[in-house]
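Before anything else, here is the set of structures, which you'll find just below.
You will see two complexes here that share chain A, one where it goes with chain B and one where it goes with chain C.
== the complex of A and B ==
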């Protein structure tokens, strides 16, 4: 039986990349069908298949690493590079929306009343719920670091407690933001103020949900003994992502909520 | 810590029960017969065991390896390694994506047709 003479992982042929690409086609075309032809079928199929592809693809990564042992230090290094590059690309994604915000807010046009916030817009008080949300995300950054230290020290009970607390804080943030969205005195249609505010904070909220889901999967794996004190990259990737989400919120808070009010 | 009692009656109660059946005293001549009766073994599984070692875990189907062996050299790719549940999920995903792609192409073709002028 041939054994590899290198420390890389040559993966088994997998259908998930091409199915994932088809899923992207279905989801985007589904949005068109929904917007212009009032039909949700294609979008539903797209989102459902996206869920299935993600579940199975990442399930396979867990099988290859935890159960088959393919993740050598070399492989892990590549995964680290990959996660860093992905998070960097997300940072550039948000940079675009911050650019749009500053473009409109640093030189407000006469149509807005020559001021920022524009005439007629009552911005949210940054010292109320938004400040609480800032505290929540900062605390969750502390608890996820606590969880990491517990894992490296082999303290199972504390790691589970800390990670659970992190996830609860993440859900608390999401619930508070949803309430803020519901209670807001302005909407996405209210001039460029509404557009920049809701698109930037909306995408941030989506990333909080993604990060909370990633951490929840890590909690499940932690409980099922997948992580060792030296090898727990899935958790580290989730923690990096969560810190990134926290930092984006800090920038959002300082620029849109505080300076922009 | 999980302990499983296959039979809740402990060994001491078995001996007590058999002692009660024998009665309060036995005549001396049948002492050996009584001893033989006492040691008649009723086949019985251990009364209690912990699911710590591989044998007892497999007994109750709780071992990590009880489900499947992920390192078995059976030529199956990782996304089908567990057999039937993997196959079902794969076929569902394939049906949804391929069927959806065909539906999508049809819908986009229809949408690209110019509307008739009224």
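== the complex of A and C ==
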């Protein structure tokens, strides 16, 4: 154990950051090759290496925290700041797409027929599957909070049940959205309506998948006794992320599905 | 590269496991279940008193029954455990908390812990002052801030390890 007079974590040298940077290069140039030259090789390599870097980096974080005890309250505080800042940056990411949506929908151009939804677009009924999806995500917010309370009270069995239910609801949402995408009467190519709709809801769906994966990892760790009733920041971070995903959906629903129809 | 894991503390069987004994009769099973249930209740009751108890008398508990989450007391390791144990004793070896306030007089000087023979002190003479008075504080007699005259004394601080 290092002889230090402070409670911070001086991380051992690690290859994952530079490998992650290489992954970013592979993925971005892979996208270009795919878009312009119809080749998937580079992109596949990029996504595969992204998966490997993420798995190994976060595996190391779990080792450093749960098994080696480096995550003192000081370190945890830093991680909390980090997660909040990250989620804030994601909020700004979505803000951009909402800006694009309102830019085009508040003053529809003549090319769209001067109306929103544009002429010829048949929007989805917000009171059908989208409303169900809203209920599903809201319920999943309740179950994840239930899981959190179970953890702080030391009730492992209930925590596992509640977290599993949350993940199932997340998968249900994703499955329903996939079906909606398949059955939609308009595509991403259908004017700026299609662009704003599918880019915004598409990125949201990606974030649901990311959030579900994060929660699944937490479930695995919960089952393996990694968390204590006092120290379970990985789970809290996943829960924050999940609530954020839920809130973004609420904004999407109210603006694009409901007002925009 | 790979992170070295500490040696496993899980007990390893040194001999092949013995053949299982025949299953106990149902009455014994019920008695065993009742014993376990009463043990759980007693442990649960003891747990409720834990937060009220001072850090000193940590009751020795048997391993939590399956279905319970561990506590930090049971499962923390490494630096996290050291910090937890020190906090329970009211100590702050890793300087995680704000320095204590003293009167700053000759009788009650500001005590400055240091792992070496000298440490830099930054004196904010009055609240909200933006000009911080920096000076080296050496081992030995208390020194005074050149601006406000507040007393500071270096005290030895064990390097925690």
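As a convention for this text, the second predicted complex is superposed on the first by the 259 of 261 C-alpha atoms of A that agree within 3 Å, B and C clash if a C-alpha of one lies under 4 Å from a C-alpha of the other, contacts with A are read in each partner's own complex, and residues count from 1 in each chain.
Criterion: a residue touches a chain if its C-beta (ideal position, glycine included) is under 8 Å from a C-beta of that chain, and two chains touch if they have at least 3 such contacts.
Note that this is a predicted model, so its numbers are computed, not measured.
Peer 1: Could you say whether A:144 touches chain B, chain C, both of them, or neither, answering first, second, both or neither?
Peer 2: A:144: touches no partner chain.
Peer 1: Regarding the shared-chain residue A:157, is it in contact with chain B (first), chain C (second), both, or neither?
Peer 2: second
Peer 1: Should A:63 be classified as contacting the first partner (chain B), the second (chain C), both, or neither?
Peer 2: It touches chain B and chain C both.
Peer 1: Looking at A:46 after the superposition, I want to know if it touches chain B, chain C, both of them or none. Which is it: first, second, both, neither?
Peer 2: In the superposed model, A:46 contacts chain B only, not chain C.
Peer 1: Return first, second, both or neither, reflecting whether A:239 touches chain B, chain C, both chains, or no partner chain.
Peer 2: A:239 sits against neither chain B nor chain C.
Peer 1: Considering only touches as defined above, state whether A:12 meets chain B (first), chain C (second), both or neither.
Peer 2: Both partners.
Peer 1: Looking at the overlay, does A:208 come into contact with chain B only (first), chain C only (second), both, or neither?
Peer 2: After superposition on chain A, A:208 lies in contact with neither partner.
Peer 1: Now for A:74: first (chain B), second (chain C), both, or neither, which partner does it touch?
Peer 2: second
Peer 1: Which partner does A:219 contact after superposing on A: first (chain B), second (chain C), both, neither?
Peer 2: In the superposed model, A:219 contacts neither chain B nor chain C.
Peer 1: In the superposed view, which residues of chain A touch chain B and also chain C?
Peer 2: Touching chain B and chain C on chain A: residues 1, 12-15, 60, 63-64, 67-69.
Peer 1: Tell me, which parts of chain C touch chain A in their complex?
Peer 2: Per the touch definition, chain C meets chain A at residues 1, 3, 5-6, 47, 67-72, 74-81, 83, 93-96, 115, 157, 159-161.
Peer 1: Under the touch definition given earlier, write down the residues of chain A that touch chain B in their complex.
Peer 2: It comes out as residues 1, 11-16, 19, 22-23, 25-26, 29-30, 32-33, 36-37, 41-42, 45-46, 48-49, 52-53, 56, 60, 63-64, 67-69.
Peer 1: Residue numbers of chain A touching chain C in their complex, please.
Peer 2: My answer: residues 1, 3-7, 9, 12-15, 60, 63-64, 67-74, 151, 154-157, 159, 225, 227-231.
Peer 1: Considering only the defined contacts, which chain B positions touch chain A in the complex?
Peer 2: 70-71, 73, 77-79, 81, 89-90, 92-94, 96-101, 103-104, 107-108, 111
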